[in-house]
Amino acid sequence: MPLFDKPLSELREYRPERDEQPDFDAFWQRTLAEAREHPLDAEFTPYDAALSLLDVFDVRYSGWGGHRIAGWFLVPAGTTEPLPTVVHYIGYNGGRGFPHDWLATAAAGYATFVMDTRGQGSAGTPGDTPDPVGGANAQTPGFMTRGVLDPDDYYYRRVYTDAVRAVEAAAGHPLVDEERIVVAGGSQGGGITQAVAALVPGLAGAMIDVPFLTGFRRATEIVDTMPYGEIVKYLAIHRDHEEQVFRTLSYFDGTNLAPRGTAPALYSVAMMDMTCPPSTVFASYNHYAGPKEIRVWTYNKHEGGQTFQTREQLRWLRDLFKNEG
Amino acid sequence: MPLFDKPLSELREYRPERDEQPDFDAFWQRTLAEAREHPLDAEFTPYDAALSLLDVFDVRYSGWGGHRIAGWFLVPAGTTEPLPTVVHYIGYNGGRGFPHDWLATAAAGYATFVMDTRGQGSAGTPGDTPDPVGGANAQTPGFMTRGVLDPDDYYYRRVYTDAVRAVEAAAGHPLVDEERIVVAGGSQGGGITQAVAALVPGLAGAMIDVPFLTGFRRATEIVDTMPYGEIVKYLAIHRDHEEQVFRTLSYFDGTNLAPRGTAPALYSVAMMDMTCPPSTVFASYNHYAGPKEIRVWTYNKHEGGQTFQTREQLRWLRDLFKNEG
Amino acid sequence: MPLFDKPLSELREYRPERDEQPDFDAFWQRTLAEAREHPLDAEFTPYDAALSLLDVFDVRYSGWGGHRIAGWFLVPAGTTEPLPTVVHYIGYNGGRGFPHDWLATAAAGYATFVMDTRGQGSAGTPGDTPDPVGGANAQTPGFMTRGVLDPDDYYYRRVYTDAVRAVEAAAGHPLVDEERIVVAGGSQGGGITQAVAALVPGLAGAMIDVPFLTGFRRATEIVDTMPYGEIVKYLAIHRDHEEQVFRTLSYFDGTNLAPRGTAPALYSVAMMDMTCPPSTVFASYNHYAGPKEIRVWTYNKHEGGQTFQTREQLRWLRDLFKNEG
Amino acid sequence: MPLFDKPLSELREYRPERDEQPDFDAFWQRTLAEAREHPLDAEFTPYDAALSLLDVFDVRYSGWGGHRIAGWFLVPAGTTEPLPTVVHYIGYNGGRGFPHDWLATAAAGYATFVMDTRGQGSAGTPGDTPDPVGGANAQTPGFMTRGVLDPDDYYYRRVYTDAVRAVEAAAGHPLVDEERIVVAGGSQGGGITQAVAALVPGLAGAMIDVPFLTGFRRATEIVDTMPYGEIVKYLAIHRDHEEQVFRTLSYFDGTNLAPRGTAPALYSVAMMDMTCPPSTVFASYNHYAGPKEIRVWTYNKHEGGQTFQTREQLRWLRDLFKNEG
Amino acid sequence: MPLFDKPLSELREYRPERDEQPDFDAFWQRTLAEAREHPLDAEFTPYDAALSLLDVFDVRYSGWGGHRIAGWFLVPAGTTEPLPTVVHYIGYNGGRGFPHDWLATAAAGYATFVMDTRGQGSAGTPGDTPDPVGGANAQTPGFMTRGVLDPDDYYYRRVYTDAVRAVEAAAGHPLVDEERIVVAGGSQGGGITQAVAALVPGLAGAMIDVPFLTGFRRATEIVDTMPYGEIVKYLAIHRDHEEQVFRTLSYFDGTNLAPRGTAPALYSVAMMDMTCPPSTVFASYNHYAGPKEIRVWTYNKHEGGQTFQTREQLRWLRDLFKNEG
Amino acid sequence: MPLFDKPLSELREYRPERDEQPDFDAFWQRTLAEAREHPLDAEFTPYDAALSLLDVFDVRYSGWGGHRIAGWFLVPAGTTEPLPTVVHYIGYNGGRGFPHDWLATAAAGYATFVMDTRGQGSAGTPGDTPDPVGGANAQTPGFMTRGVLDPDDYYYRRVYTDAVRAVEAAAGHPLVDEERIVVAGGSQGGGITQAVAALVPGLAGAMIDVPFLTGFRRATEIVDTMPYGEIVKYLAIHRDHEEQVFRTLSYFDGTNLAPRGTAPALYSVAMMDMTCPPSTVFASYNHYAGPKEIRVWTYNKHEGGQTFQTREQLRWLRDLFKNEG
């Protein structure tokens, strides 16, 4: 049934109970503090992308554990003043690709920073960033269960931390106006964006499309698609780890992160999305603590609004910075 | 078997017999002459795309039968001199989308013209151009068999003609350097590009990725994928129309058009492409009459080189215009 | 879940609100009046079908826009008196095939008239009737979205009109008793039959099997099968056309046509039919204004009662004409 | 690859070695002799099929083991003289259905006799004939491996025998001209027809469409479709029975039966048929000993010529009986 | 939706109305009495299984109709005293395989008896037992509809009887302690186990995993998987046999058998099991009349607890016999 | 086509050129030497498996990098003398499960040692061994491309080393006769076994079923199944890493390892195996340097001989040790 989840009228009011561990905030403070013990050491190397309207840089900076994370940085050719900036996070399995894959916000005149996702980058677009940390437990192929028995070992602890550090790396660049940084991403990128919105104060905005990594338990109960399905596959074998797994996931669940976000946010959701079901998206949206809007795409699956959503974003960004200016 | 077609060493030498009707050239001369009886009447309306680095225009011009064809035109903001220009054609079922879908060649500094495909534009990206001509025969859903019993009625007669007129519309714009027009496209867009390269003299170049619309008969015999499969579905029912259908298709087959192309060309092919099989691509590439190169992607299906091919194209374009300058 | 729709007890009472535009009747009066400006000009050409028990004719008559529509006409060999007559409409994508495809009602002794569906006839059985009208908008492959942005342009405006004219063409033949015409069809043919039952007064009966083209919006929400899925695919891309599309469809929706039908009707429905869901069938059945019966097939999908339903129909027809006689 | 089998030019010459056991003919003589020890006892009970142009009878007669086999018998209403007759056999899993399912040859004026297939009749159309004999070995679901370890126990021994007795039952009816009996069927029905053509002398003709049950070993090696795939599934488990199974099958293989057929035959084959691969069809066709023709359908799968083939058959039958008359 | 059935809290209370025929018990008394008219004649032939820790026997005994049923019997090498014993029944389509396929209860020190399933044994593991009884009606491929129109003819009448006789054959062996016999099986084997628990007094225990053959009607309405789907396929064709079929099945339905079982039972159920849906399992579990426990596997499909359930069983057996001792 | 690979007669002679790097042997000597710098430190902890015929131990020992690897060790209860021993390796994604999953060789009287596969163990059966080493490059989900850009970083360097150390851990146990150790496994386990046979001198035998990890390049060209397909997916994105990847893989390719194996070997291969194609199996089998036999399963896919192959192995082991004794 295409409209398989709750009806829209219910979703608008859907605020499920949150399941947070008492040390939730302490966990993240400790995590970020540890990461910051490594110098950020951001490098921006000019890169010949054959794009004459832009100045392009190949980026490296230190994320979780001091591991070097790759990225791109694009500004209009000849820029000399700090610009409003968009920091992009990437969907599951994808990598940073090439600079010409990131032109929309660049052509709109914003400084554009892209974070590669560690370990990923072998589907859709190539990535260049290894995850030098192995698993602390047997895992299902994919990234969802890597280290899933302990929040300290969990893969997304490293990724969310990399993402916070990406904002810091961007903010340190002279062409970035650190008061005007927007974070953005779809699917996994949307989940990361939501986490960053919770963990980084002072952001100018967040654009969160069809976010993944939110409402883990409900997702495993109502859809059997990947990547949430990696958790199901793991638990189908490790029948004795159910509570331990969901305890770990609670530290990374958008439902728990969203109430800590305060920057203006533009969400999107697709009503026929069986990858990131609408109720899991509204679970975090309805808990989000900042000013917020959501675009609802009725006849779409996980692709969501696609180019329509990009149009919405370009307009929303223009309004955001116009109003601020 | 992933490497399902001939081995690469054979493909490099594969030049199948062409099957051209005697009036092939006459047919196209007559077709274009008829189209040109309608005034081109190209309109370029400024469009607010929220892309501050570019000036963007919503285009309309008269294609086959004088029907109005939609498009986009993008130039670097503030351009005043004629630029080298890339005219883009679109893959099967897709439409012109929004201006932010066409940024690669624009960000590289070229004038960028996009032609919508009539009737299509309801998959991937939206289109705005109807095909007001109906079928002259019962047809299989899709566009491959619309009017397929007679070359005069065939759908691609209208599309190829629209594409020739697109070059004319671009060439007439004051910011386009008509000596430096390159045509480009992938899949159906690659097939159209190949046709335009054959039908329009004086082009600066052609970028033809994993082209469709070439080697029709062989394609129906070695793959059962869409859209070539639409022909198979049609012939599975209209068992009495086989020769008539392939006679029509011969006027539109890249194998017959390629030998009439003389501009420098950059092709690509994917060895595991079951949508546009490598032997059908080499069938036209090996017959192509101009200077040519081909990028071979070994482990790819119809996606071909994707962002890698874009990188190749940006470099090839830069070399092309550097050498010419 | 095989019994995916409402339970039968609810379906028997299910009468959803109708959503009719104020000019619904005016639209159809105007449409039919325009079509009748073209002379019907029905031709019945003797055809050698190698069926010695029947006299067979290849039919052509003018449907919507005066376009020539193909058909078959079969009567028992040597018939000289007007007969009760069945006019058949065809399922999606199918064509009129050959006379030996239409033997059930003919062998039962009725005059049998078959209408080809314009443009279709390239799946299952071949057709011979083009739809010379093109689209007024970009469309999804298939027929469901051809002209869907305006009721005047919509494909089924032409088809329903052809179908009304088919009854007129049959009625004009000397071997047809125009007081005893029954219309019949399954799936798309059932939807057309329902429309004809609403638009043509004085019919003797209607046999409507697992009808399509009824309850469009609900269908797009509860099943993702073709052909309703063509609308979903269209709206997934043309995200800005939702209301416009459903407004157009309301003129063609069986739920709105059924209340205008008054001839005795034999419906069928299948409880596991994911192509034409049972609630959409009951939506029109429960609104139907004439005497009516419905056969419910519990363990069937869209095939419905098949040969069992044919048996029901042959008996129902015999009773119908016996009672009338 | 749609054209997955040998090219047509090779197929026309393809005459594989036959693998016959020395007692092949003795086996069948003994089998039929045993069956004939049971009285045929054919019953023709008038049946109200609501088909006024035909007289219809529900048939029962004794097949293999004296088991009662169901059937239908249709003649033009009021027939008094013996007619040329077509005896039909049915495709895999199907049953005799209702009389209105068998109208083509009836409407063409031939007496029409239909044999139900024992045990089958639970897909497509219902059947009424049990197979009261159980298996002599563990079997794969389906009928292909029922009793497959011994020719005496094999399911098709019973079915072929029933089929021979069907001709005898038909021949005994006063409205059947026993000099003018044609046997016919497609797929499994085609395989049975081929067997009957080998085992019954004096037939007027045989119409054998896309026959199954021929070239068993090659079929298991080049396609993985059902029902040949039932043999593969069996051998995948019973790894120690391979030679025993193929020995049994050799008594039932069309390649061995065809050389024993002498009546004029009309075959058909489809070049993309992955259920009954073209090389297995040509294996028997090329060995067939009577006058023969074959219709080749290039772009078809197992559906073959469908309604086109019916047209061919009606014409071929008319010519057959015209020439004989 | 993975959790497609009722929620666990409802399932724990789910006790649907039973639908038993008045002669239910009489039917089974008569059936078993008839079977016992044939001498059991159990043979245990030493078998060289190359398993030095065990003594292994190839078993044959007379089941329903006196037909010889195959089995295995394993005891620790050199056993001389009667042992607690486990009698195993097998899942759908599987056969007894080889002795090394049945080592868990044997290595745990129990006498281990395995019953082959008549006719089956051609998937997963090979079987050696034919079902010499044929069908009394046309059937769907598979075993679910073999003889389904009459309880006396139904396939599972024979299988359940074989299973009762298996316990009798085991009990008669000098190394089996007939006071300490446990029956066991999963899926079809679980359904058979449940039947034996109802039909055989004095069992020491029953281990019933994800049982099949219970809640037939509900199963056909909520899942479309095999083997329940064989009933759906049958009824989709034999539309006139619905009540007759469900009447037959009521004699074999675990929901009606469970209330007659009194031995201690260990059940298992999987919440995402679409082959044997949880509500059909709880339907019988909640009606079961003996002491009982159930293991619930949340994230599993029909595989259920697999090796985890084996671990549960080995522990449950040890406790069972420890407590008894 | 089920028999998709070369015919058996060709396979028996198929000895493709090997592609070894000059430092192949040095690489492995260095690798093993490094591993042996960590003390083996094998621990055997008694484990209550509820299997009274066996003594069972939970094993831990240090594999590559000194990482602790889990395993099981089973001997007949009360064993006091060293036994011939079988060391088992596991198929892709599986884990060591529970002791009752490893009973065949144990019940045959051999000491049985099972090595868990690091990181795996989340499909089929659970595992307990993490791979604490992360990737040195972006990777495709799964284990095939983890560290694939450098032989030193490649995942299977660690696994093969663990496997060599497993033999050392077993050999050190007092109940293991180190002169009579056989290594065994299927699929990935077969590939590992082949590697161990090459890297460990003095083994008594090797049982290698349908081995994976051999003939990498050919495998990627003729099948598109997982897990070889992980390499294809990686190269489809990382189009620039093809040669580097195949260079790494050459150090781990069974084709290069087999010529270094000298112990008696029992192989198996399945002719319809699309996961580990027969030509890749014969590529290593034909290069294998010791006495060897191969069982060919004609109608099987990757399941190969299953329980039949177990029977072959139990007999082969008995003969092996009988001949030695």
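Of note:
In this document, chain identifiers A, B, C, D, E and F correspond to the written order of the chains, with residue numbering beginning at 1 in each.
Heads up, the rule we're going with is that a residue touches a chain if its C-beta (ideal position, glycine included) is under 8 Å from a C-beta of that chain, and two chains touch if they have at least 3 such contacts.
These numbers come from a predicted model, not from an experiment.
Minimum number of contact steps separating chain B from chain F: 1. Steps from chain C to chain E, taking the shortest chain of touch contacts, total 1. Rounded to whole angstrom, the centroid-to-centroid distance between chain D and chain E, based on C-alpha atoms, equals 39 Å.
Inter-chain centre distance (chain A to chain E, centres taken as mean C-alpha positions): 51 Å. Mean C-alpha position of chain A lies 63 Å from that of chain D.
Residues of chain D found to touch two or more other chains are 125-126, 239, 308. Arrangement of the chains shown, judged by which pairs touch: an irregular graph that fits none of the line, ring, star or complete shapes.
Chain contact summary for the complex, chain B toward chain F: residues 1-3, 297-301, 303, 305, 308. Taken together, the chain A residues at the contact with chain B in this complex read 49-54, 76, 97-98, 100-101, 103-104, 106-109, 125-126, 306-308, 310-311, 314-315, 317-318. Residues 93, 95, 119-143, 145, 233-234, 237-238 of chain F are the ones that touch chain A when the two sit in their complex. Those residues of chain C that touch chain A in the complex are listed here as 4, 220-224, 232, 235-236, 239-240, 242.
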